[in-house]
Structure formats: structure tokens, C-alpha cells
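Below you'll find the structures, each written out as C-alpha cells.
One chain, chain A, links the two complexes that follow: it is found with chain B in the first and with chain C in the second.
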Partner chain A sequence: MNRFLEVSVVLFLASIPFWLGNLYYLHILITTGIFIIAAMSLNLLLGYTGQLSLGHVAFFGIGSYTSALVSLGFDLELTESYTFVFEPKPVWFAFLCGIVLAAISGWLIGRISFKVRGAYFVIVSISFAEVVRLVSLNWIDLTEGPMALNNIQPFTFAIPGLWELTFFKKEPNYWLVLGLCVVCFVIIRRLVQSRAGRAMIALRENEPLATSIGVDVTKYLVLATILSAGMAGAAGGLYTHYVRIVDPDIFLFIYTVTMVIMVVTGGKGTLAGPVVGGLIFGILPEVLRAFASPEVQWIIYGILMILIVYFLPEGIVPAVTQWWQRRARGPEGSMSQGSAPGAAS
Partner chain B sequence: MDQFLQHILNALILGGTYALLGIGLTLIFGIMRVVNFTHGELYTFGAYMMFMFVMPLQLNFFLALILAVLLGVVLGAMIEFILLKPLRGADIDTTMLIMIGAWITMQNMEQFAWSGIAKSIDNPFPVDPLVIGTISVSWNRIFMFAVASALIAGTYALIRWTKLGKAMRATFQDPETAALMGVRINSVYIATFALGSGLAAAAGALLGPIIVVYPTMGDLAALKAFAIVILGGLGSVAGATIGGFILAMMEELGAGYISSGYRDAMGFLLIIIILLFRPTGLFAQKERVG
Partner chain C sequence: MPAKTIQQEALTVDSLEVHFGGLLAINSMTFDVRAGEVLGLIGPNGAGKTTAFNAITGYIRPSSGHIAYRGASLAGLSPNEVADLGVVRTFQKTSVFGGQSAFDNVLMGLHRRQTRKALHIIFGLPSVAAEEREMRDTAREVLDFVGLGPRADELGSALPYGEQRLLEVAVALAARPSLLLLDEPVSGMNPSETASFMQIMGEIRKLGITVLLVEHDMKMVMGVSDRVVVLNNGSIIADGSPGEIQKNPDVIRAYLGERYKKKAQMRSTARVGAKGKKRAQG
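This part shows the complex of A and B:
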């Protein structure tokens, strides 16, 4: 039954381009989908291991830049006489390179900062994002700095000589993003229901206890960071080949905050949370755009975030599920919930 | 050599404001266990108040400085009272999320109130710099250094010798025992947050007339303050003071001899290096005044 529901939701989402008929709306859905992937990857860290990565945009941006550079090719003048020339590679290969490099940087950050926890990881991750932004801004030979990388090819799949598919239009890009969303969702679900996922949740709940029964803390934290960074890198790669331009602004802190707000609003540590939060904060700006300038919108998001942490600390998805379960079970059933708010009445 | 001396002097002067930022942040973290993401916004607020009093309102420069710092103290107390007081006992991640929300809100309010265009502030000091041999320094910066030093010394004195300082140190060591001994914890928390905020606002008000004032100026300042605090050890006031000067030195020398584009990256590289080799910071074990 549940599986049937899931398949029909995906089929419904896949059918959207056929009847939506408005390319601008489709564009919003594509960017929302990309951000949902990024938010899901952040949720893996924030929600399941309890580590707040405030430099998540670094992985997103590294995925973007790597994918763009590998597909465009670049040359670096290493010494006076020797110039390293990198030939352009196919887009799918570039995309994979982006994922791998993002994952490697996730591994690096994990190794450095999981010696210490909490506030330190937060600050290391912000610092890392800031360093990467400054590199992308200043290493003009490689990244063109503020002039941005232009004319990035869209996604292309090809069997040489036989068949070629180029994702110029909105519709195929939409399906691509949807497909990757589903893949990431499934990976995360498999992971959190596996041994590794239970270990991560145990760490979040009680680290000394988890350690004492033999969970290798650092190993699982680093594993989660690698996966999370890789997924963020994939989202970045998708973004690059969709908008086809990338500049250092991609590392702005505000994008990390967007992801955090999506996860916290939807419900951290739930599978559906980032999707729900992502949909809300992907579409809300378009609704608010008519009567609120960007500053006012951000003021609203900031206040909304504070209110949600105060009143719905678990996020929307757990709140709705609890409400639904209580309704379905009736007053007697709710007694067994014990600590659920209002259950005792 | 002359250039080197000039760099050292610049670093010393810049280090004063960095230390102010760091001390405020480390006090708040040490005593309240709150990662204060609004710190950079208090700094921005101080700079904008300075702008408002000096430019449109034409107040005296020194009076404006005092008012800007006092308003920073008031704003800090308000943030503590409205946002943090209901969250006593909440875990560090929850307060962190709340503070991020407050940060975004405050920054965009600045943007809304003052527009994104950078503002400059006039100062009453002579235009000609003070020249000693081959190095020179503007009077404005000398004034900044003097005030920053006075504020740092004042904070030390407050923590060392006043009753409030004693209560703060007690709360730092053990909030519950301190409360049992009759320390009013809530007052200590408000005072700490207000003091830290006032120091951040002072840093902004002092630097505002030297650099230009713009809404997102607090982001980098906050990140640098975090770097300083990690460098000195979370909660260590002495560490934050020395950390501020070390960071300024690294930035100044890095910009002078390596690449000015990476000036702002120095602090973050510093964080990463520190965490690799000495995760608790340089001074955490030696002295933690509170």
C-alpha cells in the first residue's frame, strides 16, 4: 500500500510537465528540486547525526565548479614554460567528478573537525565555505573569478554515432532533477534503515552510550559527511548544467541558510522533512515576490525560522504525523503515545 | 624593514578591534553556552548607529560613539530577554538555530532600513597622518586603538574586581552552584549578553569611520570573531585578546607578503590549522577568567 502510494506520487510529479503548460513555473520546480536534493543531503548530517554543517554550500559549489571546469576544460600556467592543459570531457563524466571531489572535501572536513564536536564543527564548516569562496574569487586563472564561467554545456547523454540526447529544454531537465531526487531519497532511506544509519541515530541521541557499546563514532560521522557532501555536489552539478553559468556567489552563506531553514521547517531527521520544507521555501519566494522585496522576504524567513524552532521544534512533518495518528487512533489510542503533547488530556 | 614595521603597527591597531569582537563572543559562549550568530549584526548595528548620529543627525563624533555603544548594549539585552531567556536549558543546537534566524532577520532589517549602498562616516581628526620616521598612522586609527584598549582593560577590570564580574566567573564555573549561592543567574546572563553585544557594537562604531558601512559587513566580522575565539580557546578572555592580535598580524602580513586577495582567508586557515594541532585553542587550559 505504502509502496503504491509512493509510486503514484512519483508518477504524478513526473506528469507535471505535460499539463503545467507554463515554463516559468517549471523552472521554479527545477530549482526547487535541486535545492531539495541539497536539503536532503544536509538533513543526513543535521537530522541523523545531529551535526550542523553551516558550510554545506561549499560542497554544492565545489560540485558546481568541478563539473563546470571538467566539462569546459581549462589550462593552468604552472611555470613559465609549462602549461597544464585539460581537455573538455563529456558532461556526465564532469558531473561524476564533481560528486567525487565534493565527497573528498567532505571526508577532509570530517577528518579535521570531528576530533571536536558541536560548535567547532559548525565553525570549521563555515570557515571552509568561506575559504573556498575566496579561492573561487581570487584564482582567476582557473575560475575566472567574478567574471564567472559561462557557456557551460547542458547535460548530454550519447552513444557515439547512434544516439544523442541533449538537455536544452526545461522538461528533460525537470525529469533529470526528479530522477536524482528519487535516487537520493532512496539512498538516504536505505542508509538510515541500515546498520550504519542506526549507528548514526544512536550517536545523535547519546554519544557516550553509543561509544560504550562499540559504535565507532568518527567512522560513522565521516561516512555521513562523505555521503552528504557527495549529494550536495551532485545538486551543484545539476544546477551548473541547468543554469549554465557559475560564479563565486554560489558560495554565499545565504544558500546554506536556505537549506537549513528547509530542513528545520520540514522536520530534521525525517525522510520527508527536507522535501516538504524544500517545496515550501522553493515556492514561497514566488508567492511573496509580488508584494515583498527580497529583504522583507528574508526578514519573514528569519522570523518564521525562530517561530518554528519555538513552537514546532520537530518541524512540520512530525507535527502533522503525530496529529494524524492521534486523530486516527481516537482519544484512547492517544494515551499510549505517552509523551506526545496534549496526549494526557 | 620599514614596510615590515608599518605592517606590525597596522596589525596592532586592527588587533584592538578584533580583540573587542572576540572578547564579546567568548564571554557569551563561555558563560551562556550560546554560539552567538547575531554578534556580527551587533557590530553592523554599532557602525550604522554611528553613521546615523554623525551623518544625518550631525551629533558630536564622541557623543555618537558613546550612544552607539549604549544602544548596542540595549539591543543585546533585548535579544537576550526576548529570544534566549525562554530557551534556558535548551540544547546548544536549538539556540544556534534561533540565533541564525535572528541573524538573518537583523541583517535584512539593516538592509531594509539603510539600503544596500555603502555609507561612509566623517571624522573630526586631522587629515594629515602622524609620521614617525618612515612609518605613518592616521589619527583616526590611533583614536580607535586607544578606545579599544580602554574597553578591553575595562572589561578585564569588570571581570576581576566587581561583584558582577565575580558572579560572572562563578556562573562560568558552575551555574547551578552559583545559583545556590545566591547569584541571580538570569541577571548575569543578561549582563553578559549585553556586555558582549556592547563590545561588538563598539568595534563596529570604531571601525565604521575607517572603512565603509554596509549591511553585510557583519558576516565577515562574525566569522573572524569565531576564528579568534577558537584560536584563544572557547570561553577564554585572555585567549580572545591575544587571538585578536594574532589574527590581525596574520592578515596584515599575509596581505602584505603573500596575496591581498586572500587576506580574509587567513583567519579560516588559522582555524583549520589550530583544530588540527591543538583543538582546544591556544590558551584554554591555562586561564579561563570567565
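This part shows the complex of A and C:
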């Protein structure tokens, strides 16, 4: 039954391009979907292990730049006489490289900062994002710096000589984003409902107790960072081949903040939280844009977030589930288990 | 009951010393826990019992001395590595996963019994689902074992205090210890909860689990222990059967002070325990 419901939801989402009839709306859904993937990846760290990655956009940007560079090819003048030439590679391969490199950076960050957690992780992740941004800005030979990498190829799937599909249009990009959303969602769900995810939650809730029953702290924190970074890298790769241009602004702090807002308002540590938060804060700016200047938009954003955090401190999804459970359990709960309502608080 | 067949050492602590800055919390502590026994570790507040637990299970590094379990040194191991050798402890201050249901608490405790790796999980192999089903059954059994079956869906933090203490033991048992270190498991329990916990202790012993028990409730310690070790000011001052310990003048002095020595010696051994408890809690 549940499975049936899930498949129906995905099929419904997949049908949107057929009846939406407005390419601009579809564009909003694509960028929102990309942000949802990034928010889901952040939630794996922030929500389940409790570590705040305030440089999360670095992984997104590394995925973007790697995927763009591998698909475009590049040459580096290493010495006077020797130039390293990297031939352009197929987009799918470039995309995978982006994921792998982002995941490796995640591993690196995890290794150095998880010996000392909490605030140190926040600082290390912020600094890392800033360093990567400066590299993208100044290593002009490789990244073109502020001139941006242009003419990035769209996604292409090909069986050589037989068949080729290039994703110039919005519809296939939408389906690609939807597909990756589903894959990331399923992976995260499998993880958090398993031994590995429980270990992460155990660390978040009570680290001394978790270690006393044999949970290897560093191992699970690093695993979470690797997966989280890899998913953010995948979102970055999708973004690059969709908008087909990438510049150092992709590393702006505001994107990390947006992801954090999505996770926190939606409900951190819940599966649906980043999806709900991502939908709200992905679509809202576009709605507001129609009738509010950018400054006013930011103010509305801010007020909305303060309201949500103030009235629903755990986020929208936990608030709704608790309300739903209380309602469902209402009449019989009072007879059989007297203390049951207290459990929800 | 199997007291006579117990000979082999499981845990050996040899000349252990722990300093906190200038404070010598444990001073050349030597004792061992034999396989299959319940060993009581008692001593006044601040004697260093919890510190000894922390040193054995890798939460603090001893200044010197050796700790070995089944012949393997525990030096330098982190707490989770100690747990992997089968040595699992509980905490003096109540410690559960407060935001999780009692059932999920025990599931988390089962971590060590599960073998599926991250990649198996990500690819959703059927073996993962099979193991998960098995673990859910095991978690029910463990909860029932400590009598928390009916409370499975309650949040850890929403349980009454005595039940949280039981849940802690359930979580530790879930980790499948061969040596279980209990730090004042019945402190805060009412007398009937304590009585039923003593029965659970009997069940734990039947599972073949060796127990090192720190407890202030003397009736409980003397009732369940095969042997008792007494710690005072960081040093072991006595080691023997519960009966011997209750008559030991050094122990009486440590607990009651010199002034009461004569008075106490005249009284029956069981009463000594009761006074010790009063003093410890007061």
C-alpha cells in the first residue's frame, strides 16, 4: 500500500512536464529539485549526525567544476616546454568524476575535523569552502576565474553509432533531476533505517553511550560526510550541465545558508524535511519575484523563517507528524496507555 | 551457584593508577574478575569506582598500570574497540537515547551484532532486510528480558526513572557483552524495582555473562555477588566473599569511620550493609 502510494507520487511528478505547459515553471521545478538534492545531502550530516556543515556548497561547487572541466577538457601549462592536455570526456563520465571528487573532499574534511567535532567541523567546512572559492577565482588557467566556464555540454546519453539523446530541452533535464532526487532519497532512507543510520543517530543523541555499545564514531561520521558530499557533488554536476555555465559565484555562502534554511524549516533529521523545505524555499523566491523587489523578498524570507522556527522549532514535518499521531491516537490512546500523549512531546 | 568452578581470570587490572591533575584518583589498584562470576566493587563515594570503569573501558587513559581482558591488553583502545572485545559498561548517571523509543534504543544497542556493511545497505541487498527483521525480533526479546516489553514505543526520556535504568541495561545487553560493567544500576530505583532487578541479575548470570557490579545498595551487592572487592581512597582494601567482607574491620572502618568501629562489630553483618547504604546516599 505504502509502496503503491510512493510509486504514484513519483509517477505524478514524472507526468508534470506533459501537462504543466509552461517552460518557465518547469525551469523553477528543475532548479528546486537540484536544491532539494543538495538539502537532502546536508540533512544527512546536519539532521542525522548533528554536524553542521556550513561549507556545504563547496561540495556542490566541486561537483560542478569537475564535471564541467572533465567534459570540456582543459590544458595546463605546467612548464615552459610541457603542457598537460586533458581531452574532453563524455558528460556522464564527467558527472561521475564530479561525484567522486566531491566525495573525496568530503572524506578529507571528515578525516581532519571529526577528531575534534562540533564547532571545529563548522569552522573547517567554512574555511574549506572559502579556499575552494578562491582557487576557482584565481586559478584562471584552469577555471577561467570570473569569466566563467561557458558552453558546457548538456547531458548526453548515447549508444555509439546507434542512438543518441542530448538533453537540450527542459523536459529530459527535469526527469533527470527527478530521477536523481529519487535515488538520493532512497539511499538516505535505506541508510537511516539501517544499522549505519542508527549509529549516526546514536552519536547525535548520546555519544558516550553510543561508543560504549561499540559504535565507531569517526567511521560513521566520515561515512556520512562522504555520502553527503557525493550527493551534493551530483547536484552540482546536474546544475552545471543544465545551466551550462559555471563561475566562482557558485561557492557563495548564501547557497549554503539556503540549504540550511531548507533543512531546518522542513525538519532536520526527517526524510521528508528537506523535500518540504526545498519546495517552499525553492519556489517561493520565484513567486515573490513577480511582485516584490529583491530587498523585500529577503525580508519576507527572513520573517517566514523566523515564524517557522519560532512556532515549529523542530520544523514543519515533525510538527505535522506529531499533530497527525495525536489525532490518530486520540480516543483509544486515553484508555489503553495513559502516558502515551506525553511521549510525543 | 557455580562459584566453585570459576577460576579463570577474565579481566585483570594490575597496578592501575589514575591521576586527575594533582589528584590521585586510583592508586595501584590490582584485582581481577573471573570468568562467569559476579564481582561486587564497593567503596564510599569518591573512592574511584567510576574512574576505574572509565579506565577499563577506554574513556580515560590511566597514568600507569595494565588492564587486560582474556589475556589481551586494553591499553590505548577506544571505548568502541573495548566494546568489540565484549566489554560493555553502563553509566552511573542515567544514559539512554532520550529521543528514541525504548525499542529503537535496544536496536541501536544491537549495532555490534549486525554484520551488513554500508555498501550492502546502499544497494538494498536482500540480506540487509533479512538481518533487519532478525534484529527487530532480537530487540523485542531483549526488551522482554528486562521486562520493558510493554514500554517498547515509549520515548527513552519519557520513561520513569527506574525504567530508564532498566533500559540502559537492556541497551548494554543488546551489545552482547561477555563482561558487563554495571555502575550503580539500582540507584534511584524503589525497593520493588530493586528486587526485580536482582532477579534480572540472576538471569544475566545464567546467560554466562561475567559481571562487575558497582553498587551502594549493600543488600543488593551482598545478595548477588560471588565475591566483593572494596575500594577506599583509590586503593583496594579488601577482597573476599560477601560474608568475609561484612566482617572485615578495615571495611567497616572505611565505611563508618573509626568511632563506630566497636559498635559496628557488635552488630550483625547484615546491618552493616544497611548503614553503609545510608551513609553513601546521605
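Here, the second predicted complex is superposed on the first by the 328 of 345 C-alpha atoms of A that agree within 3 Å, B and C clash if a C-alpha of one lies under 4 Å from a C-alpha of the other, contacts with A are read in each partner's own complex, and residues count from 1 in each chain.
Assume contacts are C-beta pairs under 8 Å (C-beta built on N, C-alpha and C of every residue); 3 or more make two chains touch, one makes a residue touch a chain.
Source: prediction; values computed, not measured.
Chemist: Is the arrangement of chain B and chain C around the shared chain A a clash or a fit after superposition?
Modeler: Superposition check on chain A shows chain B and chain C fit without a clash.
Chemist: Looking at chain A, which partner touches more of its residues: chain C or chain B?
Modeler: The partner making contact with more of chain A's residues is B.
Chemist: Go through the superposed model and pick first if A:77 touches only chain B, second if only chain C, both, or neither.
Modeler: Once the two structures are laid over each other on A, A:77 reaches no partner at all.
Chemist: Looking at the overlay, what does A:6 touch: chain B (first), chain C (second), both, or neither?
Modeler: neither
Chemist: Just checking: does A:286 make contact with chain B only, chain C only, both, or neither of them? Give me first, second, both or neither.
Modeler: neither
Chemist: When the two structures are overlaid on chain A, which partner does A:50 contact: first (chain B), second (chain C), both, or neither?
Modeler: A:50 contacts chain B only, not chain C.
Chemist: When the shared chain A is used to line up the two structures, what angle, as a multiple of 10 degrees, is there at the CA centre of chain A toward chain B and chain C?
Modeler: The vertex angle at chain A equals 80 degrees.
Chemist: Contact-wise, after the overlay, does A:199 reach chain B, chain C, both or neither (first, second, both, neither)?
Modeler: Touch partner of A:199: chain C, not chain B.
Chemist: May I ask you to decide whether A:141 touches chain B, chain C, both, or neither, giving the answer as first, second, both or neither?
Modeler: In the superposition, A:141 touches no partner, neither chain B nor chain C.
Chemist: Applying the document's definition of touch, where does A:253 land relative to chain B and chain C: first, second, both, or neither?
Modeler: After superposing on A, A:253 lies in contact with chain B but is clear of chain C.
Chemist: Figure out whether A:128 sits in contact with chain B (first) or chain C (second), or with both, or with neither.
Modeler: The answer is first: A:128 touches chain B but not chain C.
Chemist: In the superposed arrangement, does A:303 touch chain B (first), chain C (second), both or neither?
Modeler: first
Chemist: Once the two complexes are aligned on their shared chain, state how close chain B comes to chain C by Cα atoms, in whole Å.
Modeler: Closest C-alpha pair between chain B and chain C: 13 Å.
Chemist: Once bound in the complex, which stretches of chain A touch chain C?
Modeler: So the residues of chain A in touch with chain C come to 186-187, 190-191, 193-196, 198-199, 201-202, 205-206, 208-217, 223, 227, 339, 342-343, 345.
Chemist: Okay, in this complex, where on chain B does chain A touch?
Modeler: Per the stated touch rule, the residues are 29, 35, 83, 86, 92-94, 96-98, 100-109, 111-112, 219, 223, 226-227, 230, 234, 259, 261-262, 264-265, 267-269, 271-272, 275-276, 279-280.
Chemist: Mind pulling up the chain C residues that touch chain A in the complex?
Modeler: It comes out as residues 57, 59, 78-80, 83-84, 88-91, 95-100, 104, 107-112, 114, 116, 118, 121-122, 124, 128, 131-132, 135, 153-155, 158, 171-172, 174-175.
Chemist: Can you list the chain A residues touching chain B in their complex?
Modeler: 50, 52, 54, 112-113, 115-116, 118-120, 122-124, 126-128, 130-131, 134-135, 137-138, 253-254, 257, 260, 264, 293, 295-296, 298-299, 301-306, 309-310, 313
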